[in-house]
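The same subunit A turns up in both complexes below, where it pairs with subunit B and then with subunit C.
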Partner chain A sequence: MSESNFTTKFLKLFGIDNQGHSRRDYLNIWVPLISVGLALILGMIVIAASGRNPFQAYGLLFGDSGLIPGGPAWRREFAELLIKSAMYIATGLSVALAFKGGLFNIGAEGQFWVGAIVATFFGYWSPVAHTFGAMYIALGSFGWIAQLLHGAICIIMGMLAGGAWAAVAGYLYVKRGVNIVIGTIMLNWIAWFLITSWLVIGPMTPPSQTFTSGTFYVADTAKLLRIMMPTRLNTSILLVLLAAYATWFLLYKTTIGYEIRAIGYTANIGMEAPRAQGINISRRIMQLMFLSGALAALGGTFFILGMQYQFPNTAIMGYGWTGIAIALIGQSEPMGVVLAGLFIGALRTGATSMQVANIPKTFSDIIEGMAVGFIAMQVAVRYYLVKIIQHRRARRDPPADQEAAA
Partner chain B sequence: MKALEVRNISKMFPGNLANDNISFSVEKGEIFAIVGENGAGKSTLMNIIYGIYTPSGGDILVNENEVNIRSVEDAIKLRMGMVHQEFMLIPRFTVTQNIVIGDEPHKGIFLDYGRAVREVRELSERVSLTVDATALAGDLPVGVQQRIEILKVLRRGAEILIFDEPTAVLTPEETVELFVTMRKLQAEGKTILFISHKLKEVMEIADRIAVLRRGKLQGIVNKKDTNEEELARMMVGRNVVLEIPKIDVEVGAVAFACHDLHVRNNRGYEAVKGMSFDVHGGEIVGIAGVQGNGQDELVNAMIGFSHPVSGSMELNGKNMRMVTTAQLRKEGMSYITEDRARRGLVMPYTVRENSVMGQHLDRPFSRGIRMDYDKIGEFAEGKVKEYDIRPGDVYDTAGSLSGGNQQKLILARELSMPHNFLIASQPTRGLDVGATEFVYRKLLEEKKAGKAILLISLELSEILGLSDRILVMFEGRIVGETTPDKTTEEALGLLMLGVGIDEKVQS
Partner chain C sequence: MNIAQINLTIAQMLDYTMPILFAALCGVLSENAGVVNIGLDGIMRFGAFFGLLGAFFSHSPWIGLLFGIAIGCLVGALHAFITIRWNGDQTVSGVAINVIAVGLMTYLLEFVFSTTGYSPQIQNYFGAQAYRVHLPFLAKIPLLGAFSNLSFMIWFGFICTVLMHVLLYHTVLGLRIRTCGENPKAATTLGINVFRIRWFAVVAGAALAGIGGATLSISSFSGFSDSMPNGVGFIGLAAMIFGKWTPFGALGAALLFGTGQIVQSIIAVTGIAPKLAPGLTLILPYVLTLAVLAGFVGKSIAPAADGLPYYKEQR
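Entry: the complex of A and B
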């Protein structure tokens, strides 16, 4: 690098420089932006077609999404946006990381639940909870150390469990040839029924409670620290940004990421090229599934330690599935996943406000769905983008030989 | 009459003038060859004529009328047909289904399969291209699959046939058959454009030959008035040493040895049936044989992709029968593959990323789990210069390089890894003269450096020119061992086809 100013040196500390990986196709940035833009335009048409005012709808949707500062409730909305987005980004990173290795981890949903239930357990389980409770009192004004440690243990245990859960699918794929999509989706149901049909209404429920009350509540020391009083914004957004950075670093700066991407690029032609160079494909795939599962489980721990404080006996479906959409919109790039996660988080935060004006909140789901649809059609989007670029170039500087021919 | 004429065709890609003002015309009933190195612009030119690319400038005339070819459909309407290098067949469909697809005879909304079969049989009789109309395309040998492609094109009424490197995938016998077919088509008045970089074939089949170099037309010559050497000079722009110099190196210790090796293919049949041989340092052992006689399975076993069923395999005296590719590489195995796209390189990876794959876990390319892309970049820059890998930007993806430059990149990577045993499996397949010469030179340098080299090739001239010892492989066995000075191409050819093999050796 020619310039060695402070900024570049500082960024280099974190491994960020412009030579980490291949020169990226700049269309990668434009495709999701255009897809989201098209979805928003089409969304307006759909709202207008239903006889409602699209400008009013979007005004409410984005005005109350927490994205735009101002208004009496902005701090609360902003907090809600970040709390939601943190979970979406976690599952989005999970799916994106697996995509990079050529695997479709459709089981982020189940891994999310596994992470959530394990975090719940370590949050209330008395040997742990009492230890940290005692520590909190003993430390006095340094009690936050106990909180940090207890939270960390819950998160780490949740991530390990979610990772192990996903690694089962990885193992079945590598050793038994079970398709990863089938394996992960089956494990989703196993996780779902283990948790909702047994743990939540059985061993993890306080004996005096009814079946519908969910599990024990976690101890106060296990809860994520709040960082913007009086809202319930907690450290989850910071943790997930750290996770996004770690994912990026893993993919583009480490030997593991180098091998994972080589495997992903050749996944549909038998992965022979990396194999012939001595890369241990089986081991990497299992590791990749573990890491992917751990990321989804991280979202699950946020759900418990930052929002619910117990595993409720109501369906909490959808965070993992949304992760797939986010990974797609984010083009499987960690930075893209962060932005896509914030976008989806904003749509979902603002959607409630639309209902006030008698506009169903499903319209935000429609926009989300159409954005994913346009991403899925990215071959077409790219095609027209290239056409437009070529057209503009041709107008700006016509090829010399054509002039000569004329 | 001129069946096809192109005038001043140019094609500009970003940063690359692929075709520069090319003009030529092809007479009706002529076999017109277009030769050039990989990346010379042959395929681009054909894709323009066939409507896949639009030219940046120039005109195309068919039957002396100016035409505007905007798509493949337009080209087909103008009675053109392309036989692609990669066949576009559906393996699970029958020959008939493959031929009629897209233009099926039908009864109402149902396919009239009976009539389709009859049509295909009539057509194949008329042009005497024998195919079994009801066989599954995927079960047929490559040569027959190509015939299906030709029939498909003919059924659509093609008068101008474009063959894009048709012999690249064929065995020598299949090539001979293809040439018979091409002559028959010529006799029927069809016009044929034949794209190739194999000069011997061009000299055999073409009437006139156009030579392209770096997007420019170097000249059009009559076959009668030229020879291989002249064509090679026009193609690469300098004299090419097609003769391989003999060098004598003192033969060292045994590097690789196998004894009574049995290997199964992926369908569970034994493809290598008891092979025993060794390779010493400082010698090139050539394995000659027709494709599909167990070479692929032998290589797979040697690089750790499959484990032999029985027999022994040793590298530098260590048992290597049940080990992984990583262990073999650690022990000093390097591997040059013919299958660059699948097995050689990760195509979406850059030159830089590809250049260290296999040694990326070693210093200085990584430390702990952290890759050192600065060091890798320096390494790649050096290799790009040393091996003259063009266009020379280490940030280009491997997939954007021409075949010859991809192979140079593979050589650069494999030869810079610590090794003493090199497996070169069809190292010049699909390469032009210049790149082929480069590969030969590198192999000889390796030999001089005392490395043990196993060369597996279908090209007899290559085997005879490079090897110190030649093993002939037929149906999974070694059916003969000889040296280049004691044999000829003809004698080897017969052995490869299993002619005159002693019963004792065979059993």
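Entry: the complex of A and C
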């Protein structure tokens, strides 16, 4: 079939092999595309229903999203797109990796905050910050080595903390039977109140500041290196692409990845097969949650070391939830997550300039939410898609008996 | 603290309790029928905004309450359509509702009131003196005095809890709802239409979450703020679990968690322990819930078929 061939080639471009699966598998790539398309159309209807010009709004949305080269502000917008995408891809990978093992990590949000607060701490904590500050001066023109090392320590510590936070939910799941969705939601709010109602207004605030000012700022050596002056684009996008590659490699080229997928495939039917194979399921699930949490925390460290340089005393909500949307749109494949993350990053970058047309920037949340809604209804999307395809085929080459009847 | 202050504190605690209770009751009804509703935080956001909208334009909180119920039913129907009609993943559908609620309410707030962050304040809300339930004979009695001058929504919350208990444990419909949550296959063999029961439970439950949202914006407060419901839906989810999926359990948990919310202000007012970080009291509901689920404190077990889509032909 022509559709099948096209899709096979398309998937192969991204290193995904869909041979040996059922022919209907090419729908996998059309479901998220159609969902996003339908969400964009519904978004237009929402804008039109509130008496605004949807074409002008979408012109602003995509024109300033950084996706289309050209224009005076394009470099800045492109940089913003990549900075935002880096964080979303990180949380998206986190959720996607857990999905592959049959787990719904709804706690990427909390793991993101834990990573962020720990990265902040190691960014300003004087023993670390002074060491690297002295090193930076001593190394002279090789000062970037100190910057790399300090940044790496902040990121690694943040990832370890975020991973440990998620592993708590994994432990409670395998040892005490606590549903992973409920466990991670509860841990989200525990993290949220510990950070915003204690750390950020207490122990981590400079004494002279008012309690609305957030934590200490991280030392200059902890900030991520900028790679495209004069924009604030930093190394986060490179790091997250590396993380995406590592996730793909882990899933498809290692034994652990195979075992994770085996657990994921059979998660709804008791995991008998992987157990019979001798896979230590409890251990793998805890490891998987650790890795998933570490990836979400990676996004949190980008947020601090690349954008804010401190943990602000304002709500920084939504990165984890957006990560869920991205993992679903990307169909839990690392490559799909990268593409979906870039798309959502573009949407969020462009949405800020929609405010010119009196449309709040949370408009991108509406699009995301509706896309997720359609993916939740993917049974329906597939059903009508197959119907349309069959209808078209029947019209193109009508069955022989019908021809005879005619 | 004198009696008047204690009474005031209790009334304030009840104000915090009710949104949590309505959210928890939403969870109790829909999860007993076997449908997980993570989206109840989003439904509360819908209810809060539309409740205020109705009250603002009609100058009557009753219309606002009806708006809250209506929008709750509508969003609940969406959740039911995705998860029951098309067997969609219940958690994914809930996430979609939450994310849409965040974006759409901010959009509508800007569109209807041309403001960001806060809606205009309203005069006619359930917390206003004219709309309170006055029981003067209680005013002189210690402790019970707190109940002499409460918002209608607080009494409504207690009534709903009792009604829910009667519905679930003393009616045929309740037995059917619980059967659908425990063993839908058995329900089908007894001639119960599992889909219809689940539709009812999800839509009616979502109506309660809508009421809970309206309670926030037109009873506890007199306006909508963009940060609403500020995680109340998730505390409600925790209260439902802590209350072991029963209406009275949910009431008890909601009262406990509501108290946890104002411990902070009690500390601030009385200066008992100014050094205690507020974050440490606010995490209490979630830590307790995890402890109960993990079996460290009692044990809380979900209905057996909770969260599983039902396929009629599947064995």
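The rule is short, and it goes like this: the second predicted complex is superposed on the first by the 361 of 406 C-alpha atoms of A that agree within 3 Å, B and C clash if a C-alpha of one lies under 4 Å from a C-alpha of the other, contacts with A are read in each partner's own complex, and residues count from 1 in each chain.
Following the convention adopted for this analysis, a contact is a pair of C-beta atoms (placed from the backbone, for glycine too) under 8 Å apart; a residue touches a chain by one contact, two chains touch by 3 or more.
From a predicted model like this one, the values you see are computed outputs, not experimental measurements.
In the superposition on chain A, no contact is made by A:Trp30 with either subunit B or subunit C.
Looking at the shared chain after the overlay, A:Ile256 reaches subunit B, while subunit C stays out of its contact range. Touch criterion not met for A:Trp74: it reaches neither subunit B nor subunit C. Look at A:Tyr245: by the touch rule set out above, it reaches neither subunit B nor subunit C. Touched residues of subunit A were counted for both subunit B and subunit C, and C has more of them.
Within the superposed three-chain model, A:Trp125 lies out of touch with both subunit B and subunit C [touch as defined at top]. When the two complexes are overlaid on their common chain A, residue A:Phe62 makes contact with neither subunit B nor subunit C. Overlap of the subunit B and subunit C contact sets on subunit A: empty, with no shared residue. Residues of subunit A touching subunit C in their complex: 46, 50, 104, 106, 172, 176-179, 181-183, 185-190, 192-199, 202, 315, 318, 321-322, 324-325, 328, 358-360, 362-370, 372-373, 375-380. Contact residues of subunit A toward subunit B in the complex are 15, 19-23, 253-259, 261-262, 265-266, 269-270, 272-280, 399, 401-402, 404-405.
Listed in rising order, the residues of subunit B touching subunit A in the complex are 8, 10, 12, 21, 56-58, 303, 305, 324-326, 328-330, 335, 337, 339, 341-350, 353, 357-358, 360-361, 366, 369-371, 373-374, 377, 395, 397. Chain contact summary for the complex, subunit C toward subunit A: residues 36, 38, 78, 81-83, 85-89, 91-93, 95-104, 106-107, 110-111, 116, 227, 231, 234-235, 237-238, 241, 277-280, 282-283, 285-287, 289-290, 293-295, 302, 307.
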